[in-house]
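The two complexes that follow have subunit A in common; it is paired with subunit B in the first and with subunit C in the second.
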Partner chain A sequence: MSGGLTGRLRGRVGLIAAALLLVVVAAMAVAPWIFTPLDPLATDTSQVLQPPAWGRPFGTDQTGRDVFTRVVYGASYSLGVGAGATAAALVVGIIVGTLAGLAPRVIDSVAMRGVEILLAFPEFLIALFAIAVLGPGPVNVATAVGVAAVPAYIRVARAETLVVRRSGYVEAARGLGVHPLRVAVAHIVPNTLRPLGVIATIGIGTTIVAAAGLSFLGLGPQDPTPEWGLLLSGGRNLLGQAWWVAFFPGVLITLTVVSATVVGRRLRRAGEGRA
Partner chain B sequence: MVLRRILARVAGMLVVVWGAATAAFLVLKLVPGDPVDVMLGVSAQASPELKQSIRVELGLDQPLAVQYLSYLSRLVRGDFGTSYQLRLPVTEVIGQQLGYTLQLAAASLAIALVIALVGAVLVHGRAARGVFSVLELLAISSPPFWIGLVLLSVFAFGLGWFPVAGADGIQSLILPALTIALPVAGILGQVLRTGLEDAEEQPFVTSARARGAGPARLVLRHTLRHAAIPALTLAGYIVGSLLGGAVVVESVFARPGLGRVALSAITNRDLPVVMGIIVFTAIVFVLVNLLVDLAYRAIDPRIHTPTTAIRGAR
Partner chain C sequence: MIENREVVRISGLTVRFGQTVVVDSVSLSVAAAECLAIVGESGSGKTLTARALLGLLPDGASVAVDELVIDGVDARRYSQRDWRRIRGARVGLVSQDALVSLDPLRRVGAEVAEVIEIHGAPGSGERMPRAGIADTVTGMLARVAVPEPAERARQYPHELSGGLRQRALIASALAGEPGILIADEPTTALDVTVQAQVLDLLAGLRRDGLGIVVISHDLAVVSGLADRVAVMKDGRIVEEGVTDEVLSRPQHPYTQMLLAAAPRLGDGPFADRVAARRRSPSIEITPGALDTAAGGLLDQRESMPLLHATGLGRDFRRPDGSLRSAVDDVSLVVRAGASIGVVGESGSGKTTLARLLLAFDDPNRGSVSLEGVEWSGVPERRRRSRRGDIQLISQDPLGSFDPRYTVARIVAEGLRGDARRTSPGDRAARIRQLLDSVGLDASLESRRPHELSGGQRQRVAIARALASEPRILVCDEPVSALDVSIQATIIDLLNALRRDLGVALVFVSHDLAVVAQLCDEVVVMKDGRVVEGGATERVFRHPEHPFTRALVAAMPRMP
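So, the complex of A and B:
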């Protein structure tokens, strides 16, 4: 009995911690100056490669820039790409998925065949192929991770559409002679959004890691930009002398992604419980 | 009958490879920028006449359809073109580096399988399973390049157990392989555990227990087989993780390999190499899918082709 209770409590604590962390990271992205008085680009030759200490919790890098400040300012790029690419992928996924769900069977099955093939690959690999085609650059990184995320949303949007299109209110709207486009936009799409929102929450995490990975490889923004993946690759050559330069940005990426996953899974379970 | 199925299967595989080759060709033709400029480099000051002669030499002045057909016919003959950057045939570039990446992928897969099996089969009890599932979540969520950097900083720079970079013997293989293996093990472990828990409730387990099968025999002969099916479905995903992981890990550990070739080709817009790698990846996936299908039949006695069923009846 008590095991179940502490288990539930532990789950609750994890969920609250995860949600809180997401709020903090979002705050960093929107208003970084609340968290640090320093400039992420300001170099200071008297403070080169200083280990973590009071006042500079993550230490400094090889040009004396404060790593904590750079991580805080990096949140806006990483979270921006994560949220932006996910939102764009969600919109494309809803449009294509809804159309596939409403289209004749032949078109639907051809489209789904392609989606299934893409879903068999990790998103990072698809993003890498997209970059191979588009070429490197910060905007292309956002596009590539967005493209990689689309197939999952198409699949869910289509599956939901197939369920919703048979429901009474859609039949009723059709029977009343409402224009098919209006039926799709006003009646079908709104009722498919809930499960899509859940996977998008988890998807933001995946997208952040993929974008950071591409930046880490030098395919995205370039040096002075405080971007999480770039901070890590800058720290790679300093590992022998200054582990903190690469370590802390990675901790923040991991915590953000874990939090998004925990919150997303929780939402999914809540959704299943209701269904 | 069997011959016809094999032929259909081979045709299906060829269609996928052809599709990938065509997609790569079309998309890369749509990319803005003149390939001749890419070849010569940004700084080069070549005269328009020289550029035109290079274009003619490469057949880039031909209509798109002609270029496509000659591209396909060269592919069939195993000619993937010449790297702009290295001035070597693409097949040679890939061939030189393939061994390193294969080694890395095989080692990663082996480590991931061991970790996932240990986690799924041997870890019992609520608390231990809870801890393991948190570890799995962490392994899946952490960026692989960060795992690599942490391993590097602790075991290579800190403890000095492993070399910091390079590909020289088994010592230099362990950390890179572990980096790729951890996220893969996380996913595999989750699927295997769910599969095992699901198998516990199957009627064949009850009957095996009734026949007096002990726990070890039960897992090895019965439930693991059942759990392997959903894990096998992930084969394509895992191979993708190994390849994507290779790109990142070879960069982190300064190892030679296909990932490095791919990265440098992408950064420098070395289009023949990019296309070669896309087609090569498609071939790998087609072969993996074939192996997976064969493995399904070997693992699950319920999946039988008509011919083997007849043979079984005899």
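So, the complex of A and C:
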């Protein structure tokens, strides 16, 4: 009994830490100036590759820019791309998935086979392909990552639609003579949202990694923009002499993604308990 | 009686969850070859009491007991390990749903064999050689009257019918030769004819010397089996005594209420009571509940049929591709204000018929017309505006509500087609009026479905159905999931709707007694066909078809 209690507490501590970190990262994205007085683009040739110290906790890079400041300012790019791409993928996924779930079987089958083909490729590969078509750039990265995430949302939205569609309350609405379009809007879509919202929370993490990955390969924003993937990439050749330039952005990417996953999974478990 | 040795004695059993007392100083005892029934409604603590006899209380329950003797052994300080030793060997458990209790991936024989492997040979308790176990298993299955026991032992639970599954479960409970059997709602999931067989089996086991504790919500079911009855309410035994005494001269008001509420078939003095209820139900509904139409409706009675089904047939494809007729050549006429019961066992096609009448499904053969206009086989577009005229009350009201909606919003959905009330104020007033007419307080308006009790949910479902001013209510097992006392109030409500508003009822149920209380006419279905139909009184008193006779005979009855 006591073991179970501390176990539960430990689970709670992890959850609280994860949620807190997400709040801090979100705050960095919205108002980076509270965290640092410095300019992320300001170079200082007298302070090149300085190790972490008081006043510059993450050290400086090869042009003397403060790594902490750059990481803080980078949050808005990474989180923006993550949240934006996920939201876009969610909206498209819901629309297509719901329509597929309600469409006649032939149309549904054709649409789902298409989705399955997309799912057969790794998401990152699809994102790369999209970038190859669209060309590099921050907006295109978001689009590419969003496109790559869509098939999974379509699948879940369709599956949820099929469940809700057979539910007693949809039949009851039908029995009252409610128009099918209204049934879809008033009953089906709202009741599929909760599980979709949960997987989207987990999805934000994946999206951030994918976006950072594309930036790392130089397909996203270009230097000197302080984007996490780009910071990581800029520091990778310096790992031998100045580990901090790549290490801190890497840690923050990892922590953010893990936190999003922890919170998302927790939400999912809460959602399952609802039954 | 072989002997009168006491096999279970428990006194002062109190079970708490945190501060809540769920079982309150319960004492009971059972002798060999005796059957004690614990009867109560949901939440009465009857199941927890039974589980305490097996050391199977859920986590978080704190137990205090003065005396707990099982088969002559003091079990008060038993650890889980001690309990495991006696479960199956001294106390056997049979639960409600054999499909859930039996491992779907294991053959039925293996289920019974496991008990013998753990507890040794029946009687001696010695370890058995493998070859001997198979024979013993077959013997156990034969003992519970499973036909072709050797073949059945090699089958999986899903390959057996509900009744055979329940027998197999009883066989596994008996394999360790326990002196006492705990049966928790052992027949609730079964059809009446099968229920009667399982009850017979239990009675036979009791005669052979087994002590039985049977838990049930249904006094009628246990009345034929139990020597003594303990009635539980809110964790206490409010009345206990010899079955006949309790049923014929109930002392406690709660027992009296339970007995009065229990629906039964119309024979003996009860027929008068049923008749009396129908003449003066406890509910009055002002015609305002269906404000405009009602007066005119009542005049039209007996005239044109509201709903006319002719030669309905609906086929479904089996997994192997062959066709099965769920409904075959069924014709039905529902006139205004009529009440027609559709009875039958599970799989008889009752629900499929209801769905055809509601045009939730289209027939393969035959047709349905509503108010003289084609109703089946027309595009949904043309049905939509008429759907308000025929409404469904389902067995599972909770499932029929959008979980995010409040009661007011649920009822409001039924008002969508109401062209006379377009302003929000008018609609709110109408919602209040509807809730009032089904006996619900306006304060429930802002609740969500999961915050309501079972009876309240069913009332909300009825209020929603009434919102569109229907002329026919199709009720599919509307009270089967409810406690008897709640059941009675819902039946009263439906009766009042019919009498005061002239709403016709098509009432689908497996429970003949409920149908007898509510319906003037009844049709009996078997394998998708109507085997008998006519005035309720005539069909139930003088059934002609052998199946109807079997059905009526199998109904549990109070002495």
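Worth a mention:
Just so we're on the same page, the second predicted complex is superposed on the first by the 268 of 275 C-alpha atoms of A that agree within 3 Å, B and C clash if a C-alpha of one lies under 4 Å from a C-alpha of the other, contacts with A are read in each partner's own complex, and residues count from 1 in each chain.
In this text, a residue touches a chain if its C-beta (ideal position, glycine included) is under 8 Å from a C-beta of that chain, and two chains touch if they have at least 3 such contacts.
Everything quoted here is computed from the prediction, not taken from an experiment.
By the touch criterion stated above, A:187 is placed in contact with subunit C alone, subunit B being left untouched.
Of the two partner chains placed around the shared chain by superposition, neither subunit B nor subunit C is touched by A:142. Legend: residue contacts after superposition of the two complexes on their common chain; A:112 is shown touching neither subunit B nor subunit C.
With both complexes superposed, B is the one of subunit B and subunit C in contact with more subunit A residues. Contacts of A:240 after superposition on the shared chain: subunit B is touched, whereas subunit C is not.
After overlaying the two complexes on the shared chain, residue contacts for A:258 are found with subunit B alone; subunit C is out of touch. In the superposition on chain A, A:196 contacts neither subunit B nor subunit C. Of the two partner chains, neither subunit B nor subunit C is touched by A:85.
Contact with subunit C, but none with subunit B, is seen for A:174 once the two complexes are overlaid on the shared chain. Taken together, the two structures place no residue of subunit A in contact with subunit B in one case and with subunit C in the other. Across the complex, subunit C meets subunit A through its residues 358, 360, 380, 383-388, 391-392, 394, 396, 399-404, 413-414, 416-417, 464, 468.
Those residues of subunit B that touch subunit A in the complex are listed here as 27-28, 31, 33, 126, 137-138, 140-146, 149-150, 152-153, 157-158, 164, 236-237, 240-241, 243-244, 247-248, 251-252, 262-263, 265-267, 269, 274, 277-278, 285. The touching residues of subunit A, when paired with subunit C in their complex, are 167-169, 171-180, 186-187, 190-191. Interface residues of subunit A facing subunit B in the complex, by the touch rule stated above, are 3, 7, 120-122, 124-125, 128-129, 131-136, 205, 209, 212-213, 216-219, 229, 232-233, 235-236, 239-240, 243, 246-247, 249-250, 253-254, 257-258, 261-262.
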